[in-house]
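Sharing a structure here in structure tokens format.
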């Protein structure tokens, strides 16, 4: 069953959900399905229980950070140049909103198919980072969602035990975010170069050494 | 009967115990350091720099292209390139490293530096008894400590070193042939410019 | 001098008694505890000997492998994968290589595929041999079975050293093939080890399989049902011990696994004994695969000539590649943005996900059973914490 068919099947069975197929440019051909967070739980339940899908095995759950970046698009606008109206190409630079993404790789043990890749996106990267937890559907998401919460900072509503998994309690930041800056609290090795050397020098000059 | 399985197991251990007196397969312990296992040829631990000839400063194959420094996954190599050039093994003028440090407490012996080196200048050593209580003095190896002769390389990895030497010899022969050809061509060209009968005055240069 | 005349002691753990005045005792098992196979902690609440709560605490070995990989080249990530599950570096390499091959659409030459199967199955043999040895150690059979298992593992590690240069941190595979070809005589040497391996398995079975203490300790302990196992994403030998017929070598047929005939052992009860026996049986099947692979291994190149490992830049896109590792489904999820470093590098760690049911398995059991249940899951903390 290809992703188009799965998409239409879900749309027929989960009313009101909006789905989008995200194409994958690599030769692996693993395209994914973007689900809106409001209906994700129902979609997940459907995918697990539907007789012809039976995606009962949620193998891999992970997060991806997509920070805001500048997107330039070419737009044709009409402008009055020297009293004559002309069509001019203009480059519009817009700030695309950054978001965090949770990716689920689903397989079927019973029917031996997959992967079906499910994605959910948060609204932004600051405070609207809530997504529904799919742990009640697939328990394998338990530790993995905790890990995403820990390293990316997505809050999974409905998770039975949402605590940090790998970092310690009381740790503030989310290390897997692209803009994470690690604290300047380690010993620099003597063979530092490039970026590390720069940081080592800053560190040492702040200490009064070098 | 309960206990039968345990007795069977005990019989097996007894066979191993008494077997160890007669069968080498059952007694695998080696009394290190008095007794040592034979060296396996492919063994690797930390990198070293190969030099040709007898003087390490003259013969170092490294031309400080810094590819290994860039590719090293844990970034344990630090190289400073020389400003001047000196002839390498094949006679071509090349840069050389004025500093070449490897921090073997960071090195993870992955061999990627060896893989990416286009000059066969860095190879993997087999010396493993390197423990020391001096973190920087003992484990930060400099150019002099890293330099080891081609004979040593041939001793520890004979097959690999022979292949490298053969490739070098071929390259050198090619370079020599090319140089000879160039010289001959030059001589021929010079002979041609000597137009017969025109005497010395027409000679170029 | 006394003679044992009493009836054999009932070794099954006594079930709950109805005392209500007892207090719960909280015990922190680990992080430095020989039975946790690394630095791993369990917060256990005990009612007498019985476990009423168990919360695993992770992260003592966390170094954020996934973050490090984002700053490394695709080639530079390879040696780091060795350090995930440091017992089975070759299968880690394989999973990563497979994911990159999927990401960039790389074909692997025939001989390299065979070398991958041979080294991969040897890895499974030494992992399982080590595991059953350690499980006995956890059960209190100090030394003997573990040393026998390690004696065999040693021979396989010597093979790895002769091939890759290192015993554990092999760093052997590359996307598009393998790093080095087998040196002269290596295949013959490997054949000898493989031929001798069933003798060890026979010996090991005689040593332990019918042992009454082993059965009393393991049967009916730490039971996982089939439905639970699938829902909790349990994979590998642990899932198959619960009767889940899901072996990626059969399901995905990655590499050239469709060319070999082998059986997939399945457990019935999903207890510690089944998980132990399953590994013993799987070793026999691995030997079968190895015999077929050794018979058919062709000559030829070992690297795809069109793939350059240095300066490798796959097109933007993503791929999830997975293999049947000795511990379970080991997957790598890679996202490329077209640059020379992976944009996202995710490891699906079977060791971590197989621990999802740890509390369920341990509830109501004795403290001493925690140790063998954990041992039967087969974890390596380098992979759990990454």
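Labels for the chains are A, B and C, by order of writing; each one numbers its residues from 1.
Basically, a residue touches a chain if its C-beta (ideal position, glycine included) is under 8 Å from a C-beta of that chain, and two chains touch if they have at least 3 such contacts.
Computed from a prediction, not measured in an experiment: that's the story for all the values here.
Shown here, the protein chains touch in all possible pairs.
With centres defined by CA atoms alone, the chain at the far end from subunit A is B. Per-pair tallies of C-beta contacts place A-C first. The distance from the centre of subunit B to the centre of subunit C, each centre being the mean of the chain's C-alpha atoms, comes to 35 Å. One inter-chain figure worth recording: subunit A and subunit B are separated by 44 Å, centre to centre, where each centre is the mean of the chain's CA atoms. Put simply, the C-alpha centre of subunit A and that of subunit C have 29 angstrom between them. Residue positions of subunit C touching 2 or more other chains: there are none. Taken together, the subunit A residues at the contact with subunit B in this complex read 189-194, 196. The part of subunit B that touches subunit C in the complex is made up of residues 2-6, 8-9, 11-13, 16, 28, 40-44, 67, 71-73, 108-112, 115-116, 124, 159. Across the complex, subunit C meets subunit B through its residues 8, 72-73, 75-80, 82-83, 144, 148, 151, 154, 158, 161-166, 169, 171, 179-180, 183-184, 203, 206-215, 309-310.
Across the complex, subunit A meets subunit C through its residues 24-28, 30, 56-60, 62, 64, 103, 105, 109, 112, 115, 117, 138-144, 151, 164-168, 175-176, 180. Those residues of subunit B that touch subunit A in the shared complex are 69, 75-78, 101-103, 106, 136, 140.
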